[in-house]
Each structure stands twice: as structure tokens, then as C-alpha cells.
Amino acid sequence: MTSLSLRSLTKRYDTATIVNAVSFDVEQGQLVSLLGPSGCGKTTILRMIAGLLEPTGGQILFGEEDVTKLPANRRNVGLVFQSYALFPHMTVFENVAFGLRRQGVKGVDLKTRVGEALEQVRLGALADRFPRQLSGGQQQRVALARSVAPRPAILLFDEPLSNLDAQLREEMQIEIKRLQSELKLTSLFVTHDQHEAMSLSDRICLMSGGNIQQFATPEEVYFNPANGFVSGFVGSPNQLSGVATEGGVELAPGLRLASNRAQARPGGRVRVTLRQEDLALAPAGQAPGLAGRIALRIFEGASVQYIVALSGGPEVMARVSSRGPQADLPVGTEVVLSIPADRVFVAPEEGAA
Amino acid sequence: MTSLSLRSLTKRYDTATIVNAVSFDVEQGQLVSLLGPSGCGKTTILRMIAGLLEPTGGQILFGEEDVTKLPANRRNVGLVFQSYALFPHMTVFENVAFGLRRQGVKGVDLKTRVGEALEQVRLGALADRFPRQLSGGQQQRVALARSVAPRPAILLFDEPLSNLDAQLREEMQIEIKRLQSELKLTSLFVTHDQHEAMSLSDRICLMSGGNIQQFATPEEVYFNPANGFVSGFVGSPNQLSGVATEGGVELAPGLRLASNRAQARPGGRVRVTLRQEDLALAPAGQAPGLAGRIALRIFEGASVQYIVALSGGPEVMARVSSRGPQADLPVGTEVVLSIPADRVFVAPEEGAA
Amino acid sequence: MTQSRNAGLGLIGPATVLILAGFLAPTVIMAMLSLRDYSGMQGIGTDWTLSNYINVLGDWFYLEIILRTLALGLIVTLLCLILGFPLALYILRVGPLMQTTAILLVIFPLLCNIVVRSFGWMVLLSPRGVINEALLGAGLISTPLDLMFNLTGVIIGLVQIYLPFMVLLLVPALQNIPADVEAAALTLRSSRIRVFFTITVPLASPGIITGSILVFVLSISALVTPRMLGGPTYRVMATQIYDEFMTNLNWPSGAALAFVLTFIALALIWAANRVAAHLTRGIPA
Amino acid sequence: MIARKPSWLLTIVALAILFYMNAPTIVVVLASFSDTTYLTVPPQGWTLRWFEFVLGDSRYMRAIWTSLWLAGGATLLSLVLGTAASYALHHRLVPFRDVILSAVMAPLVFPAVVIGVALLQYVSLLGLRGQPLVLLFAHVLITLPYVVRSAMSSLTGINPQIEEAAHVLGASGFTAFRLVTLPLLKPGLVAGAIFSFVTSLDNVPVTIFLLTPRQSTLPVKIFASVEHGVDPSIAAASTLLVAGTAIALILAQKWVSFSRFF
Amino acid sequence: KDLVVGMFGGSFGRAAQTCHVKPFETASGDAVVAQEGNSSQFAAMVRATGGDSDFDVVYIDNSFAAQLAAEGLLQGLDKSKLSHSGELVEGAFGADDHFVQYQWGATALAYNPADFPTPPDSWSAVFDAASTGKVALPDIAGTAGVHFLLAAARLNGGDIDNLDPGFAAIAKIAPQVKAYYTQADQIISMFERGEISIAPWYPDRAAAAADAGVPVAVAYPKEGAIGIKVTMVIPKGSENTDGAYAYVDNALSAEVQKCFAENMYAGPVNTNVTLEGAAAKAVPPEMFGKLYFPDPTKIAANVADWRQRWQREITK
């Protein structure tokens, strides 16, 4: 039952700064997601918190306690490794029992708790297997069970569900959320799945190149991105370039969009971010908007993605529900695209990450 | 430029049958996705095709040629390993150059082609690093570049994008699709991401417990699931139990849904699958349908998920667009749920996986 | 696959032929010899007999030597492990320059001829040798320690000789252990010591077993060191076989002893391999 | 292994062990400078005459060269044969794995004197006595187990998927081995090579029975003179050997680069 | 032509080069190929090659020579081809003329002059000094050990057929014995550091050590030192028999014997040799008559049993 605080946490390799003075707090019982492009330093942060990597600078606090110098085994954190890091010489049961044994759990009690943990990840039947006899997803679930079983005060997850199919993934998410809130575990969760980050987290920490870009609630991040990087990273955005105009932006001669989110002075070159799901699409003539024609239609299950070539402008992707009226427009159809002014994110060219 | 055919491909370990007489064809230049729950045998199939695992039975044909007995290095396939399997003692450049060198590519030519491959995965700058100096996602991209660079006739991907963030993932998907269709590569693609499977594939092969459940186009799989397992696996389904009625199903006394997809005789216990995105939700009184109240609201970015407790019945999850009119219903709101009769999948209880 | 079978035979063929033709064939001659009788002056007889084996296995004098030899082997192996681990860890952790130096210092002792090296030990260990004189001079002891012509001397000598073998096998074995796996154990609240024994040691067990088998086998068949540092009061199988063979010229008896020793050693190796296979059954072969 | 600096305790312990391992060598080196005609430490009066003596004695030098060539040749051959064999054994490409493994290990266990006599008898029977290659192959026999053992233990540490990746990328069995497995195997092979080199370099019991009359090796010469008391020339020869090999190792270090793969 | 000679190594080998090989090569024009080893190794090699030895001449202790002769692996020596055969001491030829002694040695007493103001003159000095803890004994693995056992038996009223008194006497002092040595090095360094004051040892080695500065001197006990015959043999299979005879004959000549005695303190077997100086003290020719030479056949027949008994009763 501890909160987690990072104060100017920094990690450098030689000259490269991998994590650059990162500070944030995870309150007790909260779940914060670390989101950011591959290589931005997420794993590095988790490893420093777990005590596996020495920070170049800054502090890590658990509650009031400065643990920066504390060895890993005295920190009482759980860490699900991106590479699983299962003990290859132990069975699934022994892997999960490992941490429990360290807490003195024995005998029947041990069996019950390992059994429970394995049931939570749907692996009760494979307790006697060795890791190499498991599929990738099964290994990942063992890693999950192993770090959750001892109920650490702080839980760190490094892409714990990346190898699971949608259904199992959703079940596991719910399981994690349930555990985490029941036990009031302070958690930091690295994922590359925005959907997962949004639905699980109390706060999202959006990073890029070792720096925090935004630390806020999921809604805030989605609806009020702090800068061009965030708007370009969250959702499935189209990234276009244009020129700022008074109250809007011009993508190409004649192709203008109104925006009440312009952060640039008129006339400057800007980066325009349009989320695919924000773009409404209708057959030409049925509504006002930018004209174009469908260049490609991609069926995605619940949704359909259209690639629309704007007349005299760039290509733009739009996503509509596959149940909706616009789900079946064939390639070549003339359409118009519209978007509310508050969803047109405009940032100066150089400000875009 | 070869098609790929599996004929009754089977793999047994001791007594456990991991892959059970699987037969399908991937036509030349097509991309087929292997989809299925964790541990269903996807990796095992890829390894047999690559020649790394000897089938217990059945045949593998490349075009007309039976390659079942051919050693791995003579098959001319590319394989992206789920665990990356990078060469730890070689730099990123050398890793990617490995396959090209085997084909006799040398000198400037080699440099160019390795450079190209690394650019495709956005890793041009890291050519001199060793794998252990890379993040998880970066390693995965190296693995991707390494297997694509030699332009094999058949490409096998084992969850090649599972460690990438949404943005990069989408870019990579497009890159893979572009390469694959430009070079007419016959590809088999394992993923746990349905969205990815649907949008990339010409055909989807849906597996469970070593058996093929459905082999069809994405639309077919989504709209006409072959059985209870498929309808329960694709999309984000609610799985409910009920009793078959004439022309529909009864979830609980009084809670009836019409269905024109009932595969069960009236009166029998059935498994009902309702996709979250098929459920339309409206404030009570505004439309007919099943009455309930919102128990939980989860913001997911582009969508919002509601957990709705049906009056006198089970809980059901529904997903709506976060831009839509129903995106902001607070917990406790009385709502009605409706669903078209052709989206209510009903299968006999024992038929459900 | 037949192909891999052929490749396998091609790979193992040359070594196998060499061993069959170069070792097993002459050994068969020796095996036959061990079943002959022998008497001084008449030399090797022509009658078949099991007496050479019966003499060895039915005599407490020999059984004691066998047991002593095995005990010596175990002690030396254990000590090599105990000393080898810190050294291997040091080599893995220290900077590149010192690492190279340390590795060279591990290899050096191997280069000095074993007879000459034993002489070096005698100079160090004898009652008026360097060590005793130093200890006496420092007032730490009042009478010289008995470091030579007993078990202590043999152990000191053998451990020094075979420690490099252990270290050079432990280093790569430890090196191969994925860092994340050890890190995972740390985050599960295991002290470094516990991580060492529950994770590092089991995962290094292929190297540990190899090193132990090697050191064990070498020390039970060592001849010169027990001779020179142990003296005749400390007899082991190897010295006994040597005397039987070379001094008494009683080849049948010497050969019988040799087969007994070899059989015991191979049985132990086999058992150790079994244990190793069990311990590492999770690690992909 | 988790990368980490050694603690001072570990450093002290390790340095003490290193000192212990090298103590007798230091004694021998010191003794080789002794002015007396028997070995003694500390030397009573310093002289280089034993070195002069060894370097000036053509038979000594020949013996040293023979030893080195023999050790080098045996090591090379057993590296080739042993690596191939251990690869096959590790990957279970051959039947009777345990039996073959025991057979390979047997020359290590079997008392060397008995091997020596048996080989001499055997070689005489075959009429091969005096063939120079006989000695070389005999040495391979006793050095092979070291290479096989250490190669096998290194192979266990290599992720099998890495070699598979090479196969899929079009590398034949041998190419994959050469480019991927071999580099990862190097630490084990270096250890095996060192073991087999020094074993060959130190061997008396087998060598002495198989030498042709014109040949001699340093250890055989040393052994033959032990009866009459070892004089400092033997310490000097050993010192030369240690120094020579040390220099060779340090030079080779660039090429073999211990620190890179350890 | 080549002549392959199996000879001992170290300082012995160097002396043999000077006294035996050089003169022979100049005289005959044959080239000597010397292979170094010890008696037991030569014995093993001659036996292993089963009557087709590589050697033309082998230096070997007489017990091994007798064993090899009994196994029919040696050529009988034709005395007529050895011009010096008439000048030799009695009993130089043995085992039906299968070997010829070219040197005598002995197991006598080596002592530290600093500890013995008057030189010891009896085997009993060893037993008397045991209580000081400064006695080393030869192990029975070597010739000296067997000899000391015989000497102890004779001192206490036994003989080669009755060694019980010898075993009993040695067993009594066994607990006080500082060390049982098997190698010359061991005893040299023990004398050098003053760890022992007396030990049964070979006069030739002791004298050589004394020359090198080790505090050690030689004494012949009055009961008789135990004699050693070091012999040369011509194995069956020798390819240069004529050369072999010439080599042996050369080694038996008075000058060569003298040379070898002065270089190696080898007891001369040619009765025409007279010695002076250190050599005369270490291996006085007149001492030859007082040596006790045990019967090699009895040794060969029983030594294995004695060794076993020694190991069980003395060095257990």
C-alpha cells in the first residue's frame, strides 16, 4: 500500500540520454500506463524502479521512503518482464511458487495460492510443464502469475499481454484490474495498446525520446492532447502538413478545415492531425465537407477503413463502423469528409515529434 | 512465387495432438492469417512449414513440390520468430545481411539492400548496435527486416508486431502489405490482433486446439462465423447462455431476442454470442429493446464501453463510438439495448468451444 | 530424419574411429591381459584367471585405497568448486584489462610441468619450507605445520593443478545465463545469495557438472602429485597401479586395477550425467 | 549473468586464489635463477647460466620444439574432431549417445601408464612402431575428451532457435554452424583448446612409450632426470616455456580476445 | 650406422654422453641415438615390443634385467666379443650371461655431517636416530627401500629368506619417521633445509649432492652396504648387434670406467681402475668386496609380496 514517485529520474548510456529527468507520482492503488513509441525508455524506467538498473540521476520514492539505493530484492515490487524471464529449470508451478516461498508460504497454503494464481491466468492444467514446453502466450501468462502471486505493494508490467489473443487479453485485463483494485496495488503498466492503456489506467504517462509528453487521465490525453506529439500518437491519426490560416488550416490550395485547436500563427507551416475515427464520411452531395474519392476499402471487423484521395490534396484515412450506413462504399465512390473543428489538431511543423 | 499447401499436417507430442490434420492452401501472392487462442498450435504449424519441426504426419507443398522432407535451408522461406532469435554476436547490420550473404549478395549491393530493409523498419540509425542494446520493439523490427531482406518466396510471420505501439504497428502493417503484394509473396501471418488479421489478410484461418474452425475471407469470418467457437472468438463478443425459442432465444425469463442465426432446436440450452459493437444502446424509452441500467462506463479512446445489467438477466457489454451521442451516459442510467436479428449468434451449448 | 542421421554419423565418425582403433582395441588387449596369471621371474602366464580382480575386490587393503581415492577426488572437486566460483565471478565482473590478466593467471599454472610444479610445492610446504618459516617467523605457530607427505599436501597440490580447469568451464557457463532471469528472481525478493543458489547454480549446472567430472576424474587418476606431495603413506589407485605396472612389472594385476578404477569412474560419470540431465531437464537440449 | 562490479571482498578472495594458483610457478621461476646445482628457494646467488645452458643445448631445444608441435597439432586435431563429435552428440544426431560419450571420456579416466603400455603393444602388433603420426594420434586420444566435454557444455547454453533462424535464412548446416554456433561456442572451445594443449604438453606416461628413438619431449626429459635430482636447468626450461606461452597468449589475446566472449 | 641406446636422463645422461657415447662414436663412427628413461620404463618397453625391441643397448638395473632375461627377451652375451670381459669383477655377468654389470652402486647411509660429528658406521644409526624425528626412509617402491628392508633384516638376525625381523624393526620406528621418499628431489631438499640428519641413500647421488653444496656425506655401514648392479643388456631385436657389443665393451674399459666413476661416482667394475679424491671416498673400489648383493631371482620372485607387506605394516 504505497505510492510511487519518480523525481528527475535520469538514465544515460555513454552520451545517449535514454530517460531524461522524468518525474511523476502514482498514487496508492492507482494504475498508470506508460505509453510511447518503441525505444522511448519505458522498459528502462521499469527496470530502474525495480532496482535492476542504477539511475544516472534522480530519485525513486516508495511512499515517503527513498529506495533509489535499495537493492532489488528489498523493494517488494513485482515485475512482469517483456522477455518473460521465466526460470527455465523450474516447472510452471515452481516458477509461480518462487516468490511465495520467499515470503514463507508453505505446504497446502502454497499449493492453494499457486493454484489460484494459475487459474487467474487460465493455466491450471499446465502446472507441471517446463517453460520451453509452452507457447509464447502461455509463457507470458506464467510470467504474469509469477509476479502477481506474492502480492507486492507495487506492480510493474512490461507489455504483459502483448502475446495474447483479443479474447484472452480482455479477460486478463479484467483480471488485472480486479486484482489491482481489490488489493489496492500501485501499478505501472507498459503497453503499446492504446485501447488497453485507456481502459485500464487511472492516468496515462505519454513518453517520447525519454521525456514525458503528457501525464493525464485517458480522456484528457485523448481529447486534449498536450502537443503535436501526443495528438499524433493517440488514436489512429492522419498526419498531414498544411499552412495555418485564421481559425483553421489549409491542407492544399482550396482544401480548408476549420480548427479551434490551432497552436500556430497564421501563415506558418503546420502539422495537422486528424483522427481516422473523427472523420465522418458521406457519399458526395449528401453533406458539406472536403471532396474526395475512395481509393481503398479495408475491412477490419467491427470497422471499415477507407483511404480517401482528397481532390487536389493528400490521401486521408477514415474509419467507420462496419454496421453503419457507410460501411459498404465501393472503391471509386465520390465522397465528402467532414470533421468537427475541435478535433482538428494543429501544431507548428517543428513542434511535431 | 509459389503457393503453399498443407495436406493433413499433423503434429503429436507423446500423446497430445498439437496440430490435427490441418489442410489448407495459400495461393500465390496471398496473405493468410492464422488466428486462434494462445496455445492452439499456430507457432507449431509455422515451424513445420519452415522445416524446423518434423511433422508427425501429412505433407507440405510449395507449389507442386513436396517439401515435407526438405531441410530448412533449402526451402527459401522467411520466418519472423515470436522470440526474435536474433544472432547475439552480430550487429543489427550483420543480422540483416546474413540471409543476403547466403544468396551471394556482396559489397555495395549488400549495403544498399540492408540499408533499405532497415529503413523499412525505421532502424537505419541503429545498424551498428548489438541486439542486447536494443529495446524489445527494436529487436522485433530487426527480426522482421532480417527475414524480409532476402525476399523469400514464402514468408511466415509469428506475431511480428506484437511489441510495437499502435502507430508504428500500423506503419509496419502497411509496409508488410506493400512488400507482400509488390513482390507477390505468399505469406502466412500469425497474430493475436483481429484487427490486424482482418485488415491484412486475404483469408483467415481460424484455429482452436489444433483444428481448423473456419477458413474464409475476413468478411465471411466476421459476418458468417462457421460455428459457436468462431462467433465467440471474433470481435469482442458477449457470451451468454439461454434457451432456444422459435425464431430466437431467451436469455432469462422475459428477456427475448430475435435471431435468424439459431442453429439449435427450440427448447435446448444454447450459447448466445452478441458482439459488443453490434449492440445499439439508447436511453430508456427512446427505442424498443432489452431494458437495463449502466453498471460501468469505460473510456477506451475512440470508443466507450458500457457494462449494462439487464433487468433480471446477465450483464452485457456494449461498445459505442466516443464521438457518438451515447458516449457520455453516466453510470446508473436506464438504457435499452437492441441488436439486429442477423447478429444474434446461437449455438448449442455443447458446440461452444 | 535420415539426412540428419547421416550428418550425425559423418560428424562423429572420425572421432569414433580414432577411439575404436586407437583406444578400445588396445584396451581389449589389456582386458585380456588382466585375466592372466603372473609370477615374478616367470612373467605373464598363459592361464585364464579371475584372481587379479578377486585380489583387488576381496581385500580391504585395496578397498581402502579405492575409497580413499574416491574421497580424495570428491574433496578436490568440492574445493575446486568452492574456490572456482568466486574466481569465475570475479573474472566475469571485473574490467577488461584485469579480466585478461586474471584469465592469463589462471592459465599460467597449467604451463608449468607437473613434476617441476610439485617441486615448487615441496619448497613451499615442507616443515622448513617458505610457508612454515613465514608462519613461524610471524609467531603465528610454534611448531611447523604438517603440510606435506599427508592428505593436506596432496589436496593443496591437486586443487592448485585442477582449479584452472574448473574456472575455465565455469566462466562460460555463468556467462550464458540470461541476466533477466536472475533479475526476475531478485524482484521476487530473493537475496543475491539465494538467487545464486536457486537460479545461477542450477542454470550453470552443465558447466558445473562438466568441470566437476573433469576435476574428479583427473584427481583420481593423478599420479605425480600424490607421489611427491603425499608420499608412500598416502597411497591412491594411480600410484598403486603405477607401482604394480612399472615396479613389479605385474601387468595383469595392474591392468585389473586399472579396469576397476575406470569402471568406478565411468559409473560415477554416468550417474553425474543422469543427475545433470534431471536438473537441467527444463533447459532445452 | 547480471553485469555488476566485483565487491572488494570478492576481489580480495579472487586475488588470493590467483596467488595460490601461481605460488609454485613463482618458486620455480625463482629457482631457475639459482646459482646452486640443485633447486632451492630463495636462490643462493643469481645466475643466468641455466638459461644459457638450456638455450645452448640443442637436444633440450629440440625437445621443447617437439613438445610444442605435438601439443599444437594434437590440440588442432582434437578441436576439429571434438567439436564435430560434440555437435552430433548434443543434437542427438546419433544413436547410442551415452555409450559414445563414455567411450570418448574413457581415455581421461583410464590410467595413463596402462594406456601407454597398451598402445605400445598394440602399435608393435600392427607394425606401426616408429611412425611419427602414431604419437600425434595418441595425444589426440588423450586430449579429445577435454574438447568434447567443454564444447558440449557450451552448446547447452546456446538458444537453439538462433541456429534455426540461420537455417531458415538459407544457411546450410555447416554454414549455420560456422557463422552462428561457432562464434557462440568460442569460449568453450578456447577452454577446451587450453586444456588439451597443456595436457599434451605435460604428458609423460603415454608419450614415453611411443617416442621414436630420435624424438624427445620436455616432460619426458624432465621425468627421466628426476631420479638423479632436478637441477635448475629444468626449472629454467619450465620458465622459458611459461614465459614463451605467456607471450604467445598475450599476443594471441588480440586475436582470440578472451575478454570479448567471456 | 645408428645405435639406439636406452639410458638414464639428467646428470647421468650428461655423464654418459661424455664418458660412454663420445669415445664410442669417435672410435666406431656409429651414431648413438640416446633415448632417456628409467629402468622400469625400459623393462616395460622391451616387454611390450615382445622380442623385437628398438633398442640396441639398454642401461637397466639387474633385477629388471633378470626378469627380462627370464622372459627370454634378451640376447645372451657372447663374452668373446667383449675384450674387457676378463678384467671385470666377479659376478659382473649374470642371468646366464644375459646382462653385464658396468657399474656398481649401493644403498648406504647419507647423513648430515653437522648432526654427526663422528660418521655413523652401522645401519643401527638409522634406528637410533629415529627418536630425533630427523630420519627419512626410502619407500619400498624403489630399489633403496627393498635394500633397506634387507639391511634391517640382516641387522636383526634375519636374511633374505626371513625378513620378519626387518619388518618388525622398521615397524617399530615407523611412527617417528619423518618421511618416506620416492624421489631424489625430496631427499635433497630435506637435507638442504636440515629437516633430516640421516637416511639410507645411494652414495653416488649423495656425493653428487654434496658436490653441489648440500650438507650431506656418505658412510658405508660395517654390516655391509647393499650392492646394486647396474647393467647393460642387448635386447632381442637389436638391429646393430655389432655396434651394441662395441658400445658395451667400450663402457667396460678401464679409462671409461674411471671417467664415469669420476663424473658420476659410479662404482667401477673393471679391476684395473684406481680412483683418487672424491670418487675414491664415495665409491671406493675396495668396498666392492664388502657389499652384500642379494639374489635377483629371489627378489624378483618375492618383491611383490614384500611390497604388499610393507604397505600394510609400515606405510599404512
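Order as written gives the chain letters A, B, C, D and E; numbering starts at 1 within each chain.
Everything that follows uses one rule, which is that a residue touches a chain if its C-beta (ideal position, glycine included) is under 8 Å from a C-beta of that chain, and two chains touch if they have at least 3 such contacts.
None of these values were measured; they are calculated from a predicted model.
Any chain touching chain B that also touches chain C appears here: A, D.
Counting hops only between chains that touch, chain A reaches chain C in a minimum of 1. For the interfaces B-D and C-D, the C-beta contact count is higher for C-D.
Inter-chain centre distance (chain C to chain D, centres taken as mean C-alpha positions): 15 Å. Centroids of chain A and chain E (each the mean of its C-alpha atoms) stand 90 Å apart. Centroids built from CA atoms put chain E at 35 Å from chain C. Touching two or more other chains at once are residues 71, 83 of chain B. Chain contacts: chain D has residues 2, 39-40, 117, 121, 159, 173, 223, 226, 230 touching two or more partner chains.
For chain C, the set of residues touching two or more other chains reads 119, 123, 183, 186, 245-246, 251, 280, 283-284.
For chain C in complex with chain E, the residues that touch the partner chain are 39-43, 61, 119, 122-123, 126-129, 148-149, 227-228, 231-233, 235, 243, 245-251. Considering their complex, residues 35-39, 42-43, 82-83, 134-138, 141, 158-159, 162-170, 192-195, 198-199, 218-219, 222, 232-237, 275, 277-278, 298-303, 305, 319, 321-323 of chain A touch chain B.
Taken in their complex, chain D has these residues touching chain E: 36-40, 117, 120-121, 124, 129-130, 208-209, 211-214, 216, 220-221, 223-231. Within the complex formed with chain A, the residues of chain C that make contact are 178, 180-181, 183-192, 194-195, 198-199, 202-203, 205, 279-284.
Those residues of chain D whose C-beta lies close enough to touch chain C in the complex are 1-6, 10-11, 13-14, 17-18, 20-28, 31, 39-41, 81-82, 84-85, 87-94, 98, 100-115, 117-119, 121-122, 125, 137-138, 140-141, 144, 146, 148-150, 152-154, 156-160, 173, 187-188, 190-191, 194-195, 198, 201-202, 205, 218-219, 222-223, 226, 230, 234-235, 238, 241-242, 245-246, 249-250, 253, 258-259, 261-262.
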